[in-house]
Every structure is written in structure tokens, then in C-alpha cells.
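Each in C-alpha cells, the structures are laid out below.
Paired with chain B in one complex and with chain C in the other, chain A is shared by the two complexes that follow.
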Partner chain A sequence: MAMTEVSRRFAQHEELITGTEAVAQALRLADVDVMAGYPIRPYDSVMSSVAKMIANGQMDADFIVAESEHSQFEIVKHASATGARVFVGSSGVGWMYAMEAIVVTAALRLPVVALVGNRALDDPGAFGVEHNDALMVRDSGWLLYWVAEGQEALDATLLAYRVAEDARVSLPCALSMDGAFLTHSQHLVLVPEKDLVEAFLPPYDLKKRRFHPDNPISIAPQYNEDWVMETRKQSDAAMRRARGVIAEAYAELKRLTGRGDPDPFVETYRVEDADYVLIGMGTVAMPIKVAVDQLREEGKRVGFLRIKWFRPFPDEELRRLLHGRKGVGVVDRDYSYGSTRHGGAVYNEVRSALYDLEDRPPVIGFIAGLGGREVSVDDVFQIEAKLEQAAAGDLGAESAHWIGVRGPVE
Partner chain B sequence: MASGSVDITYRGVFQKILAGNIVKTLVKASRHSGKIGGTISRYSDSPERNGIPAKQFAVIAESQDELHVEMAKYEPDNIRLIAALDDTLAKGHESWAWYGIRPIHLGLREGGALLVVSEHERAKLLEFIPRLPFEWRLAILPGEKSFSGLWVYHDDGTEFRVLGAIARLIPEVVGLEELEKEVGKGPKAEQHLDWLRQGYREVQVGTVPAGVGAPNTYEPVKLPEWTEMAEAIIVPAAPRGGRQEAFKKFTTRSERPVIDFDVCTQCKQCFVECPDSVFELTPEGYYNPEYEACCGCGICAEVCPVDDCIVMVDELAFADNRDLYEEWKADRAAYRQFFQGLLERERVTARSSRRKVSA
Partner chain C sequence: MAITQTRPQERPELAPIRTIRDVPVEEFYTSGHRTCQGCHSALLMKYLAKAAGPRTVTIGATGCMYVANTSYYATPWVIPWMHTQLGATGSAVIGAAAGYAVQQRKGKLAEEPINVIGIAGDGGGADMGLSAISAALQHTQYNVLIILYDNESYANTDIQASGSTPWGAVTAFTPSGTVKRITQDRWKKNTPGMLVAGHPEARYIGSASAAFGVDVMNKIRTALRVGGPTYLHVHDACPKGWDFDPRYSRELGQLAVECGIVPLWEVIEGELQYNGITRQIVEGRRKRKPVREYLMRQGRFAHFTEEDVDYFQAKVDEMWEKWILPGVLPVQALPEGLPKPGRRAAGLADGAGAAANGAVAP
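Let's turn to the complex of A and B:
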């Protein structure tokens, strides 16, 4: 994301802050009413940032420390139903422990915004980034966004509230941020003033769905089989509408902040004339972009496409941007044991999205950076070389390639 | 103008805020000359544990690509300077199990600088710092190590003196002028600027030729392949009655407890209260610390009811973890002389007077 051009109307000042502090700044600007917390690394650094702002009088919100992750998500679900703008989050198995509350939040169409500080699922008790935690809800009706840089952490949080709370959508949104590289590193971030956010983000208004004595409703009754499928279809329709709402909101955010990518759903880096395109989510963008620049200097036409929104999945963009390429390599920071071609979740989605293309490119899967393992520029060179070989039929395309694991890989 | 990273190696928890402030100010200062940057708090140190060596980094770059390469790492590779905020880190640091003790200047390149906050002389530090195959710079910022806790912070000047010293050592990465601009913006600017300039003036810099220093015994650890690891997430535990070999704790300490066995009453308090079960019962009924396992927390010295019986002594007074009880048993007169010598010559904190004696 370019961070140079700044909208003339609105002042923004630069700060050196972590990705989680950038989220906290967005929460202050969005004037969040209720936040529930239960500590787990790496998400929890947002808790201390918000607590500090409340203590310093910079922010006015109810901060409720729950006794477990499950309660934490229940608290904000209920608060959201009463018309409060809420924030919550977790990491790894903490997110899993809250799962029952997480899925009902989506079913009830409550626009909770959550941060997932991506962390490997236990065991072992590791805390490096893997995307399996957030991906566990990919089928449940949560909007899912993957952040790559500190600036984007702030901007995407504002975007999340606007999209999630839009009456045409009304779905919860989870922002994924890689543990360590975003949560424990400080980035240069332009922080806008409140007037920009007020212009961008309308007040949260549930209208007839607001749970309030003046508006007597009962939420979440028991349904029998005559009713369930229709509610599922309502959620499906909302998720379909989200595409248009995201595009609209993103254009507005870009206009106000003076920064952003051409496309709301994906970031493209030197893709235009690329023969080979690498795909990834999150901070893996950093080494991949550097590798792309260096490969370009050697005359190789390589580009990078970063998936920002995983739900709704950018089908149209992928088809438009990837048809006719010589090869597409998907770098998954996740695993899906026993899946098609033993590939990761992103690989299988991308491959499926491209199936209808006449001139579909070969799609090769790579598993890298699990448990927070660094993905280096050299790793990306290796990925690109294997992609070329596999696309030419010189290397097995049947099975995802593991990069950076110690020991035999084929 | 140049880019590069600065590694701040410090004592976990006690120096966390100090290290964090230093890396943040370095990056913000570099903005005054149009550079970009970020900071990295080494993820595997979190949550920090008392005294256990930890690192934070300032990454300063001239292009997005330069920045992106380093920010995707746990420890950046383009280290221009390492600053050790506690001179006992000169003995090396073991931050986690399996990796062994790493030399303080690991990752330093030819011509790079190691800055140590210390009251000791260069020769003393080089007794502990391993030799390198190339020339490098050793800089000493005279002063006491600054320790605060997690919730309090001593604004005792160390932060700004270290920044000043850094500007002197790597002006091409971040210079005094940029730092003055940045520090001058903050609260208590006058005092902080004084400290900054003092550090710049007072730091003592010298080159260390290739091959000078302590023997370099460091071997990078070789981690097993997935086919060699035990299946299903199992690692060996400490043997019954034994100690965990994969992680010794002694690089955590800045001071070690030394016992005057002549006055010890065998009351057992030290044995009971030591959080790391460091004391072994001797056949004669004394409690003998196994120094490889001692983190130097000082609790034993606090609880020992006998004056000047357990004293905490500067870690740099010792070359190894030898068994002092055996020495006492072998030659009590010699041990008495040794113990008196410690009280007179070394930096000692003792329960009796809560005093601090500097040589």
C-alpha cells in the first residue's frame, strides 16, 4: 500500500506503532462502545493498548475482561445486539475455544469486529503465525480480511466497521494479523483525525433489530426444519451483497485518506505483464515483493497478488487477473491435511475459482512459513523456480510443495 | 547516509522499556533524514522472563525493499551495531532451550560495533567476549547498568546516553543531529539532550583486531529433520533427581550468590526459598548452589538470616561455574581470603547492610 498521498481535507500524523496499536487507534477513532478481552498472545497487545487509552482519557468505552474466550465473544455478541459498536479478538486455540459463540454471532448477523492475531493451533504450544485459526470460520458467515502492514491494520479496521454494520450486509468481520511481524513490530502509520472517520463511518444503527425494551423482540428462538434453510439463504444473500458494499466503502476510504490499492479485494504487485504470479495472504507479501523486484531485474516476468478479502472470496478478480498466465503459485501459511493435492486452504480456493477459465493457468501449491517460520527472499526464489518447473511439467504438480521444512519434502 | 539495523540486547523485563524506548527513538530520529524504518521485538522472548536475555531491533532503511527484507524476520541480518545494556551479557546469552549459549556479538559484521554499558575496562570485557576472524569495534559507555521493573521506568539518563553513543558509532545510519531533533521534541528535552550529548562524548571506542578475545567455542545448533524428531510432540524431560540439560539458566544472572560456609548455620532457608531448586545438600549438611542452574535472583541472599553469609557478586568476577563448596572444603584458609577479597574488591550486594560496594 502506498502511504504517500494524503487527502488535503483531513490532517493525519505519522506514528511508529505496532499493528495492534494501529488497530487500537482505529477503535478510538471509531468510538467503539464495548470491548471484551481475554489475554492470549499475540492478539492481547491490543488489549493493553486500548486499556491505556481508556486510562489516559483518550477513549471512552466499556472494557470488559472476561473469564474465558467464550464469554468474551458472548459479551460482545449481546452488546452488539443492543446497538453498541463492539470489538473483540483472540488467537489460535483461544479463538477455537470461543467457537460456539463465534458461529452464533454470524448466524445472528451481528456486526462484531474481531481481531485474530494469527497463531499456530496447539499443540505444540507455539505462538508463531499460521492462518488455520481464522480459516476455521471460513464457512460460517464471517467476513474475513488479511492485513499485511501497520497502515493497513488501521485502515482495514475502519473499513471493517463500515462494511459489517451496513444494513445490506450485517455480518461480523474478522481481521487477521500475522503474529510477530505485525503484532510485535512497529511500523510507520499515518493516523487520521476523528473528522475523517466521522465522514467515513456512519453511526451503528440496527433499527428494527435493536434489542431494547422500546423495541420488544426475541432473538434466536428454536427453529425446526421448515425455517432453517431460509435463514441460511438470507446469510448467503448478505454475503453476496458484501462485495458491492466493500467496493463502495473502499472507494470512499481511499478518497478520504488518499491511499489504497486500485482493487478493493486484492493487492496486485507487478502483475500486469507477469508470466508467473505468486499468491499469498498477510505479511508474506514483504519477502515476496522484494523477490519479485529482484527477479524482474533478472528479466523474469513475475508478479504478486495478495488476497485481502478471503470472505467474500475474490473469484472475479482472480479470473480477470490470472487467465492465460504461464503459472500461478499459491503460498499457503496454513495446512489442510488430506485435502485435494494435499494443498492449503487458499490453494484449493484459488484453483477452484480458476476452473471455469478456458485458458486457466496451472496452479501449484506451496506450504510455507508454518508456525511462524520466516519466509525469506531466498525461499521465494525457490518457490518461483519450482513454479516454473511445475508449470512446464518438469516437476510434480499433483502435490503441494513444502518450503523451508527440515527434511525430505517430495 | 546508510541503512542498517541496531540490535539492543538486554535483560528481559528489567530493561524492556529502556530497550523499547531506544529502538523507537532511533527509527523516529532517522525520519529526520528522510529514511524509513520499523522496530522488531524478538517474538520468542515474549512474554519476557526476569533477566533472561532478550532483544529488540531498530531497522533503518532507505527503500521499501530494504525495509521489507528485514521486517519479515525475527532478527534482522544487516546489524551495524549491537548494544548490550548489561555488561554481564558479555559472557553470552542463552534465551531458550536447545540453542546453547550464543556470543554477545553473534551477527556482527566486519567493522561493526559492540557497545557495552559498563564500569569495567576493555581488557576485562575481552576476557569474556570471544574472538572474531575480523576486526571489529568495542565501545564502552561508562556507567552502571540501569534496571527498572515492568511497571516503573528509571529516567536515569541511560536511554539518552546510549543513543548518543550510538550516534557516535554509526553516524551514517543515525547521526547526532537527527537524534537531537527527535529528543528535543520530547518532554524534559533539556535534560535529555544533555544526556544524549554526554553519551556521545563519553563513549570510549577502540578496535579489536581479528583473533583477540576469549576462545570462541560457539557452534550453531543443528536442529533435527522432521523424520528424525520424535513423533507426536514429545521431548525428553529432566531425569528424575537430575537437571534439564537442554536449558541451563545461568546467563540470566548479573550477580551470583557466594556463600561464606564458615558462618552458615545450615538453617536451610536458602534451599527452601530458591525458586529454581539450585541448592544441593552436601554430605556435611550444607547447601551448595549448582551455579549452572542459578538465575541470580538474589532471593537466597535476602532470606539468609546470617549477616554477610550469602552475598551477591558481580558475575564478571567469575570465569566459570566452578564448585565453591569443594574449594572451601579443600582449603578453608584460602577460601576465607577469597571471600574477604570479594567483599573488598568486587561489586557486592549483601543482605546485612543492603549496601552496594564498588571496586
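Let's turn to the complex of A and C:
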């Protein structure tokens, strides 16, 4: 993409770095104050990166090595309450161990930014990606973003701070990143200079909510039935406002960096004239895009839509982009046993979003790539073929299809 | 590399309190709470706010002192107070202290000492939050004080046994039945002793009782003055949980010390001091009262037989007569021929002795 006039004012240099290193670069640029780490693969390489930058004097922050994930998230929650900009993260069952601290962070409306290096939940042991860990907070008031590549990891981290800390939103934001496929793969990333980030990201200011002797307030007392519902509604209103704030921030980031997608909430690939659209989150984008190109060569009109923001969910974009299609196939890298049509979490959200359309397409669910298993281009061919069959009524549409499962598993 | 540590600062506002007349008149914990009559944990809150003064923030874990203290629109806290999760007191104070430290360093906040005080009950501190408190006591670059108000049960949730509940006490989870008379069969955890043993870099760890107000306030001030991560364990009489008339809270708190069940002590920069009545007992200037006098005045021990009282007495006697550091460290004997501490470094190879003797090389 050609650089705009504005973006040329700011220098950016190219580096070959991993997804987590890209996040670490953004943390340095955002001048984060307090971070807390606890080891679990694969998110933790981001903490190794920032620890090294602090040790080498490239960054001025306190990095606290916690004794559990629960403590990690409590440490940054309270640092955030004092007015410090904070960062934290985890993966898989580590994210689960911290869950109590994670939900109260959202309830307290503190703009903590977290990295979730998506990892399968135990048991049995698996380091590989599944999205169930991050999805566990989908109802709690966390903004949730799914990253697909290195450049986006850096940009989305800056975006996360700006949106989360905006007084109209003031909610925490989790950046989800596929374990191994993105956390540990290298990408060419344009790293901006500090002046660009300073132009984009205003200082964090909690104003009247800062926990400090100058501001004698009691935070999070007992409400019970008197006020809890009103507080919940305030969080709901903040999440509704987040859409507008995200759009505003994304436009500004695009203006400053000279890069980005046309839409802040979804990425579209050859969707315009597509009969069939596949949907996914994260790095599954790559094999799907390759398959789309090959299918197009065979004359099939197939496109791909990647959901970037899962919270707030892109209802409007999905309705606008998917109405009237012959079929929509949702590739979930997660499971939701016993859910509607036994589909994944994304499938059920997409299908629900399209319900009000008069010309709503059939929506078919696919479960693939669990536990870090690769989703290959051939898998995508299989998915597309099943989508066509199911949309035409030749294959059961009532139940999600598991892709690549070996042997009879019943 | 040097261990990063804050150093004790000049803090005239935290001067020792010699008599009750030295205690500030201002209250920073006032009306608005709905704790029980005779609640010594609430009394402790009043003491800590008074002793620490207005440049203080408090962070309270879930427990009585959260639920009964902070009804919306009626907070008793004049200084800032924030809730933290049940097991998170240690993490919460470290997070807040780090937040202030970094912002002061970067010029985002005015430089000043801010007292960061965490408040945990025995459930939140001695059970669930023990690991986070232990971790906090290792972060020597931050000034924090963790106060554990030990009323010896999960008193907020209707009195269930914690690791800090005395042996034999009846609670909602450890009733006395017709077949099993004693179901609370765990001896009370020695939390402050455990923390002293495990955290050689913590410059202040103490044990106190809310029945002795001046002692408690002095301990809070000493901990804040000495700096770094510090810990104070405070035994609080609880009329609801222990089942006695609220008018006897102070008397029972004092009896626990007089019977030698609760010792008053502090370890300041590695030096152990016994305080008040406990000191008199240790120095042989005072006899311990029989534990019966304390136990038999509380409903939670009403089912005790003579045997049970004798067992309780024997365990307390052991703490005084057999422990190497009475009331602090339950080691009962030293290996024969162990040299005195000052001579031990002599056994090290050349060059290693200086570092082992306490000098921290940069």
C-alpha cells in the first residue's frame, strides 16, 4: 500500500521478528509502566523480550515476576488502578488459573492489555493452538481481538491501548494470537519510531478514578441488588461505545502508518463477488487464502472473511457482507460441546448475527485445527466442498463438521 | 549484582507512640461500617488508619473487613480503599506499589512515600493468599505492609474453619457431633513464624493482638518506617465466631496472650523482640495462665472434655518449653555441636566468607 503524506513524516524501520516480539516492540513504544509475567508457553516469549529490553535500558518499566497467573493479573490490575499503563498475558490453563482476576478487571473497568497466546486447555497436554482459552472471557466485558500476522500484532497492541484507555470505553483488551503459528513464527514487521506512537496514543489518565491518597475514594464496595444491575448496564454501554472508538482509532492508525484494512472489524479476501464465503479467526487465514486463490482458478467463486474483533462482535459488517450468499462456512478453532448444532463459538455468533436478514445464507459449521493441528490447504478444499454440498441441502446442515479427525471416533 | 532494596526513610509522621497521648486524634476509619458489636478486626482497622495517617492507601481482600465494612454510599474509609480478591492481598499491594514507584520515577506522580497497606483475613491470607503474600515479601524494592487480621475462621461466610482456626473449635464446617466430638483436627497454622523463616530479606514481620492497641499501632508504624515488604499478624477476638458476649472482646484477646496461646513478637531487620506480656513470660517474670481460663469462656470450645483441655495445654506448653524460639519457630532441638552463628562462616572456603557474612557485593 502506498504511504500517505502523513505517514511519510514518521520513520519506520523493518525488522524480522516473531509475533510476540512484535508485541514487545509495541510495549516499548507505548512506554508501558508495569508488567507481570509467569511462565507458560507460548505467550511467555513476549515477557522474555520485554525483560531483556528493560535489562538493556531500552525500556523503563517495572517487570514483576509473579508466583502464579492469578497474582500476575492482580498485580497489573492494581497497578492500573494507580494510573500506570500495564501489560500482562497468559495461555491455556494459565489464563484459566487467573480467571477470577481477569473477570474483576473487566468489572472494575480497568484498561489492562493482555496477550493470550492461544493454547489448548489441559487435559491431555498440548501446547498447540485452540481458541477456547481466550473465548472463556467473551461474556465478561473484555475487548477481544484476534491477530493473524506479525505486523498486525504490533499495530493491534497500540490500537488496544488507545481503545481500552479511551474514557468512553475503559475496558480491558485481550489480544489473541495463535500459539506457535504466530507467537513463534517470524515476520517482516515495520516498527514505527516513538514520535508516531506519541501522536497516536495519548497518556493514560484515570482522572477521578485514580487510586491515590489525593483522591480518597473506596473502589468496588458491596453493592448487592441495590446497584449491581446499573453497573452491569454501564459496562454494556461502554462495550456498545467501543465500536465507534475502534473505528476512530483504526482510521487514525491507518493515517499515521499508511497501512491497514478497509474495515476495522473484519478483513475480507475476494469476498465481493463470492458465492461462498469462509470465515475464520487468526492464522487459519493463510491456508484459506491460498485455497481461495486455487479455487478461484478452477472457476469457483469463493472468498474469505477474517473476524478481527470478536468483542465487540462485527454484526453489522457480517450482515452487510454476507447477505444473499449461497453459503457461509465458519471454521472454528474451538469447540462448544452441546451447543446449538454442536457448532463452535464463532459459528453460533455468526449464525445468530445473520438471523435477521431476509436473504440470510445457510451457515455451516466446521471444527478444525484443534490442539495445534495444522489446517492445510487440502483441509480447506474439503471444507469448501462440504459447504457447497451442505448449502445445497445434500449434506446434513444440522451439525458442525469436524475436519481431519482420524478413524471412527464416536 | 546487588539486591535492589529500598532503604529506611526519615518518616517523622511515623514516630513511635510512647503513651496513648501520642496517638493522633484524627480518625481515618470512621462510621459507616456494619461490623459486629465487639469486633476486634474493625478495631484493628481503626488503629491501622490512625497509625499510618492520611498518605496511605488500603487494599482489602474479600472477608469480613470487605463485606461488613464497605457498603456502597457508606464507606467508613476516609483514606482510599480498594477491594482485591480473596487470595490476592500480596499481589495487589505489589501492583499498587509498583504503579506508584514507576509513575514517580517517570515524573507522572509527585515523589513522596505512600503507605500501601494490604488487609487480609486468615482465610484470605493464611490459606488462599499465602503464596502471594510470600511472593510479596520477596519483592524488596517495594514498600508495602500486609496486615492479616486473624479472627480464626472464615467469619464473613458464617464461620467455617480456616488453617488458622484453633484445634477443636466448632465451626460451621467442623461441628461437634454425637459420634465425633472433635472434627477440627488441625492444629493452628503458625503463619507469622512461617513467614519469618522463609523470607530473610523482609525487614519487618510481627505478631500482635488487637487487644493491645498501642502495641499494634507501634508495630504498624515500625513496619512502615523500616520499609520494604513487611507483614503483621494480628489476633482479633470475634464474638460471633468464637461465641461469647461482645463485652468480653478485649478481655479474651488479652487472655489469649496471658495463656501463651498468642505470642507478641516482632523481627526487625533480623532481630527478634518479644513484647509486653509475652516478653515477661519469656523472661520468666510472669507465669502463663492455664489455657482453660481462655477456652472455657467461648462457646466454640464448650464441648471440650478434660482430655481435650489437657491436650490443648500440652501443645501450648510444648511451644514454650520445647521450641528453640518460643512462640516463633517450632524447631525443638539443634544438632549437637552446632557452632554459634558468628563462627559458622569460618567453615567456608577462602573468599566466600565475606559475602556470607552479610555484605552484598555490587
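Brief remarks on what is shown
Note that in this section the second predicted complex is superposed on the first by the 401 of 410 C-alpha atoms of A that agree within 3 Å, B and C clash if a C-alpha of one lies under 4 Å from a C-alpha of the other, contacts with A are read in each partner's own complex, and residues count from 1 in each chain.
Assume a residue touches a chain if its C-beta (ideal position, glycine included) is under 8 Å from a C-beta of that chain, and two chains touch if they have at least 3 such contacts.
Being a predicted model, the structure only gives us computed values, none of them experimental.
Applying the stated clash criterion after superposition on chain A shows that chain B and chain C can sit side by side. In the overlay built on the shared chain, the residue A:I64 is in contact with chain C alone; chain B does not reach it. Of the two partner chains placed by superposition, only chain B is touched by A:R406; chain C is not. Between chain B and chain C, an angle of 90 degrees opens at the CA centre of chain A in the superposed model, to the nearest 10. When the shared chain is aligned, no partner comes close enough to touch A:L357: not chain B, not chain C. For chain A, the partner that touches more of its residues is C, with chain B and chain C as the two candidates.
By the touch criterion defined above, A:M99 lies against neither chain B nor chain C after alignment on the C-alpha atoms of chain A.
Look at A:A79: by the touch rule set out above, it reaches chain C but stays clear of chain B. In the superposition on chain A, A:A247 makes contact with neither chain B nor chain C.
Here the smallest spacing between CA atoms of chain B and those of chain C, following superposition, is 17 Å.
Common to the chain B and chain C contact sets on chain A is no residue at all. Interface residues of chain A facing chain C in the complex, by the touch rule stated above, are 31, 33-34, 36, 60-62, 64, 66-68, 70-72, 74-84, 86, 100-101, 104, 203, 211-213, 215-223, 226-227. Residue ranges on chain C touching chain A, taken from their complex, read 54-57, 59, 66-67, 70-72, 75, 77-85, 87-88, 90-96, 98-103, 105-106, 108-109, 114, 131-132, 134-135, 139. The residues of chain A lying in touch with chain B in their complex are 14, 16, 41-42, 123-124, 127-128, 150, 179-181, 184-188, 283-284, 286-287, 289-290, 293, 372, 374-377, 405-408.
Within the complex formed with chain A, the residues of chain B that make contact are 24, 27-28, 31, 36-41, 43, 46-47, 64-65, 68-69, 71-74, 223-228, 233.
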